[in-house]
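Going by the order they are written in, the chains are A, B and C; count residues from 1 in each one.
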Amino acid sequence: MSEAIYSLIDQLGELDTNLHTQDFLLTWEQSEANLKATLLVAELLEELYLANIDTRVFTSGLAVSIFRDNSTRTRFSFASAASALGLSVMDLDETKSQIAHGETVRETANMISFLTQVIGIRDDMFLGEGHEYMAEVSKSVRQGHAEGVLPQRPAIINLQCDRDHPTQTMADLMHLQKTFGSLEALRGKKIAMTWAFSPSYGKPLSVPQGIVGLMTRLGMDVSLAYPEGYGIMPEIEDIARRQASASGGSFEVTGSMAEAFDGADIVYPKSWAPYDVMQRRTEYLRGGQNDQLATLETECLARNDQYRNWECTEELMAQTRDGKALYMHCLPADITGVSCEQGEVAASVFDRYRTATYHEAKHKPYVIAAMTLLNRFEQADRVLRQVVERGTPRQLVG
Amino acid sequence: MSEAIYSLIDQLGELDTNLHTQDFLLTWEQSEANLKATLLVAELLEELYLANIDTRVFTSGLAVSIFRDNSTRTRFSFASAASALGLSVMDLDETKSQIAHGETVRETANMISFLTQVIGIRDDMFLGEGHEYMAEVSKSVRQGHAEGVLPQRPAIINLQCDRDHPTQTMADLMHLQKTFGSLEALRGKKIAMTWAFSPSYGKPLSVPQGIVGLMTRLGMDVSLAYPEGYGIMPEIEDIARRQASASGGSFEVTGSMAEAFDGADIVYPKSWAPYDVMQRRTEYLRGGQNDQLATLETECLARNDQYRNWECTEELMAQTRDGKALYMHCLPADITGVSCEQGEVAASVFDRYRTATYHEAKHKPYVIAAMTLLNRFEQADRVLRQVVERGTPRQLVG
Amino acid sequence: MSEAIYSLIDQLGELDTNLHTQDFLLTWEQSEANLKATLLVAELLEELYLANIDTRVFTSGLAVSIFRDNSTRTRFSFASAASALGLSVMDLDETKSQIAHGETVRETANMISFLTQVIGIRDDMFLGEGHEYMAEVSKSVRQGHAEGVLPQRPAIINLQCDRDHPTQTMADLMHLQKTFGSLEALRGKKIAMTWAFSPSYGKPLSVPQGIVGLMTRLGMDVSLAYPEGYGIMPEIEDIARRQASASGGSFEVTGSMAEAFDGADIVYPKSWAPYDVMQRRTEYLRGGQNDQLATLETECLARNDQYRNWECTEELMAQTRDGKALYMHCLPADITGVSCEQGEVAASVFDRYRTATYHEAKHKPYVIAAMTLLNRFEQADRVLRQVVERGTPRQLVG
C-alpha cells in the first residue's frame, strides 16, 4: 500500500478526538479534531476502495435505517456505507411497523439494536422534532447498553434532521477540500449560500443551516442570502456568527442574491421553505388540519412567486470571482427548462457543473462509513492499519 | 476460547436430536432433546457473539421472510439471525408479489428457494390457517428437494402462527433459565399466564398457547387465567394438561387473575382475543363481511370492558412469591397511563421490570439462528466446533 | 475440484467474447460467443454451488434492482445472484423515490451507483419504453464512469423489457441444453412458441419475442403460432427470420396451435396481449385515460374469449413428436381448473411437467450471476479459476 495511505493513518492517530460512542448529530457540537478525523477516515475509505482493498471491519451485524421522508441518494449512500463496513441493511419502515415519539422510542430503539452497529435516521419533516427524536434514540441505546441489554451501543447518525444535514455538508466539505487542494486553502474563500426559486414549497432548512453551521468554522467568508421572510432558524444564524468570529472568517446575511454572488469562490443556490411556514406546517400537520395545509401551500407558492428572479443565471455567475465560482448543489436541482419551467438554476450553468455536482455527491457513502467507524472503534487508526495490512482485495482481479 | 464454550458443545453432541431437515413449527411436536439442543445452540451463539467470534456458517445464500402481519421485533430478530449465520434477507412482500393458500404455494415456495437456507413465516391472522400454511410450505420444499429442484431444503421457521409462537417462547424459556439458573431450577416453580385488559381487540392467541404448551414440559406449575369466554384453543389446553402430568408439573385453568398470581414465581399478563371471536373474525375476513367485522369489534371491545380490572397492579404483584415474581411480556405492553389510558400493567410494575423484559427479548435472534443451524446441519456440534476453532473476530479490535 | 469444472473454464477461455463493460439487454445484439460464454459461466456457477464452493468475487458492494412491475421469481433470482457474487441488494422503489424517464435518469443512475456493481431492471409495462429506459441508464453510467464519478461501471441487466426477457430465455436455453444433452443437439429440433388462452389480459410480449429471438439462432425449427391479431412486434419477427436463415434453422408463423404442435419436440404455450392492444394501452396509460383503459380491457377480454380453445390439452400434446414434447413455461401458468376456470394448459399436462418447469426456472439465478460476472471482469475464466483454486466451502460441513 502507498505511503500516502499510511500518512493519512498517522495523521488520524495524532488527532485528539472523542467520537468513540458519541453520536454525530450536529456538526457544531463536534470539535475541530472530530471533523478532521471524519474527513480523514472518509478519505482513507475512499482511497482504499479505489485501491481495491476490502474495508470491512465487521463480519456480520445490522445497519438500521429509519427514513421518515422519501430519499434516494441518502438511502443508497447509507446502504453503500453499510456494505463497505460489512453490515447488512434493515429498514425500519414505519408503514410496516410502529416507531413513535414518546415512550415507545426507548423500547423500539432497543428491540432493533441487539446485533446493530449503526442506526441512520432521516427525520426532517417537522420543525423541532427530527433532532429531538435522534437524541432520544441516542439516549435509549446508551441506556440499553449500560444495562447490558445491548452488547454494543450502535452509532446514531443524522441522515438529515430539522436542524442539520451533516452527512451532506461533510461530503460537501470533502468536495471543497479536493477542489481547492486542502482545508487550509478554504481560508478566506467566499461561499454564497443563497435561497433560489423553486416551483415547489416546503423544502427543508437543513442544507442551508448545515452549510452556514459548518463552513463558518473553516475561516471562510460565508454569505447567506434570502428574500425577506425566508430566514433560517435564528439560533443557527447565531452559531454561524460566533463560529465565523472564532475561526477568523466572516458571516453576513443579505437580502440580495447578487450581493452574495459578488466575488464568490463558491455558490450554493437552493430553495428552502421560510422558517415561519415550516412552523405553521408542523402545527397543521400535527393537528391534521388539511384545509389550513392547502391554504398554506397556496399562500406559500404565491409568496415564492414574487422571487422568481432568484435564479442562478449566467449573469449572476459572471459576477463571481473571475466568473468561475464553483457551483454546488445537494441534488436534485430544479433546472430551468429541464426539470421545471423555471427553477433554481439556468440549464447552461447546471450543464457546466453537472459532473462537479456528481463528484460532490460521491463522497457521502464514505462520510457515513467514517462516522460509523469512528463511533464504533476507540482507535480507528489502529483498525484502519489492520485493514491495510490485511490487504484483502475488494474484488478478484481478472 | 473458554472451557465453558467447549463444555456446551460437548453437551450438544451428547443429545439425541432429530432436528436436521425437520421444521420447527410447534414446540409440542419437538422432543425434549430437540428443545434442549435449541437452547444450547442459542446460548452458544450468544456467547460467541459476546466473545467477538464470527459465527457465520454460510458464505452466501438467502434467508427469506414472509410476514403476513406487521412486525418490528420479529423482523429484526430474523434479520439479525440471518446476518449472524452469513445469509442475506429477502422479504416476500405480498403487496409486491403473490403467495396464496392453495395450489400456488408449492410453486412459489420452490421459486424463492433455489439458494435459500431458511424461510421464516409469520402468519397469525386467521385461525386454522397459519400453521396449515407453514406445513404446506414445508411439504413443498421437501418435495422440491427430493426432486432435485432445490439443492438444499430450506428450514421453515414459525415466526408466529395461529397456534404457537416458538421463537418467542423459547427466548422466554432462555430468559427463565438465565434468571433462575438452570432448566432444572424451574421445576416446581409457578408461572401465571394470565389474560389482561387492553383497549385493543383481536390480539393473537399464540403467546398464551405457546407458553402453556412449552412451560408444562419443564415440571412447572402452570396456571392459565382468563375471564369467562376468553379460552384458548381447547386442544392446546389438552396438550398442556398431558404434558404437565408427564413432566411432574401441573396445569390449572382459572377464572381469577388473583388466584393465578397467588404465590407465583413468574407472571405473564397479556391480552388476547377470545377464541370464538377469532373464529368469527376469520370467517368475516374471509367473506369480506366488513359490516359484521365492525359489529364484532364493537361487541368485543364492550366485552373486554367488563374486565378492566384484569390489570397487573402492585396489589396483585404483592400476592406473588415474596411479592417478587418475575414479570414477563413479549412486548410491546399496554402500560396504564403510558401507552394507553388503561392497559395490561401498571406503570410502576412495568418500570421495575422494563430492563428485564428487554433482556427477555434479546435472546430471540439467537433462538432463530439456532433453529436454522440445527435444521441445516446434521452435526451442529461439529459445525460449532469449527466456528470456535476458526476463531475469526466478529469485528476488528481497535 | 473435478476435471469437468476445469474443462468448462478452459472452454470459456477460448471464446472470443466482448461482454466486459457491455450490457446484456437483448440476446440478438450478442454474438454467439457471448451467448455461449453466458451459458458456460452460468453452468460453472451452478456446478460450484452444488460442489459447496463459495463463488463470491466481491467482498462488498451493491446490486441494485429496479422493478417497475410486480415480480417474485425474478426478484428472488436477482437477490440470489447478488448473494452468490458477494453483493448486497438495494431496491430502488419508485414509490419511495423518484426515477423517471427523461433528464433525471442520468442523475439517478449515477447517484445509486457509487459502490454498485450491477443494476437489474424490469420495465415491461409500456411498449417502446422499457428498452429505451435501460439503454439510457446504460449510457448514463458509462458517462459517469468515463468522467471519474463512478469508480466502476455497473453492469445493466435486462430483467424483462418490452422487447426481450434474456434472463428468462437464457435460463430456458440452459434447460433445453441439459434436457437434450447439448446446444448442438437442439439443431433441427422443432419448438412451438404458441399463444394460449388466459382469463387475464395485457401480459407482456417479452417471452414469445425473446424465445423466437433466441431459439432461431440455434438451428432450431421455430414455429410461432397465434390467433389473428395477436402478432408480436414485426421487427422481432424479422430478426427471427433472418437468424433462422443464418443458423440453418427455420422460422414460421402460423395461425394454428395444432400446426405448431405437430411433430414438435418442445412446446411453449403462453398467453400474451396483442401488439396493437399494448400500443393503445401504452397510449391510454400515458394519458391517464381511465375510461378508455376500461373499455380496452373489456374489448380485449372479449377478443380473448374467441380463442378459448387455444389450450395446451392432452389431445394437442399427443400430436407432438412421439406425444412426448417437452412442455415449457416461464411460470406461473394459468392451469385449467386449478388456478383459473379455463387457462393456458390442462391440469394433467401441467402435472406431468410441473417438476420440469421448476427445473427450467432454477437456472435463472446463475444466468443473472453469469451476466454480471462477464460484464464486470475482463477475464472471467481467470476469475473463476481463482474461485476454484481458493476452494472456500460455501457452507461449513457438519
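Here is the rule we go by: contacts are C-beta pairs under 8 Å (C-beta built on N, C-alpha and C of every residue); 3 or more make two chains touch, one makes a residue touch a chain.
All figures in this text were calculated on a predicted structure; none of them were measured in a lab.
Undergrad: State the superposition rotation angle between the two copies subunit A and subunit B, fitting on C-alpha atoms only and giving a multiple of 5 degrees from 0 to 180.
TA: So the angle, rounded to a multiple of 5, is 120 degrees.
Undergrad: Look at both sides of the subunit A and subunit C contact and report whether the same residue positions are involved, with over half shared, or different ones.
TA: Subunit A vs subunit C: different; shared/all numbers falls short of half.
Undergrad: Averaging over Cα atoms per chain, report the distance between subunit A and subunit C in Å.
TA: About 41 Å, centre to centre.
Undergrad: Taking each residue of subunit A in turn, which ones touch at least two of the other chains?
TA: Where subunit A meets two or more other chains at a single residue, that happens at 88.
Undergrad: Where on subunit B is subunit C touching in the complex?
TA: Listed in rising order, the residues of subunit B that touch subunit C are 57-62, 64, 87-88, 90, 92, 96-99, 103-104, 107-108, 110-112, 114-117, 144, 147-151, 376-383, 386-387.
Undergrad: Using the touch definition up top, name the residues of subunit B that touch subunit A in the complex.
TA: 49-50, 54-56, 67, 70-73, 75-77, 79-80, 82-84, 86, 88-89, 331-332, 335, 338-339, 355, 358-359, 361-362, 364-365, 392-398
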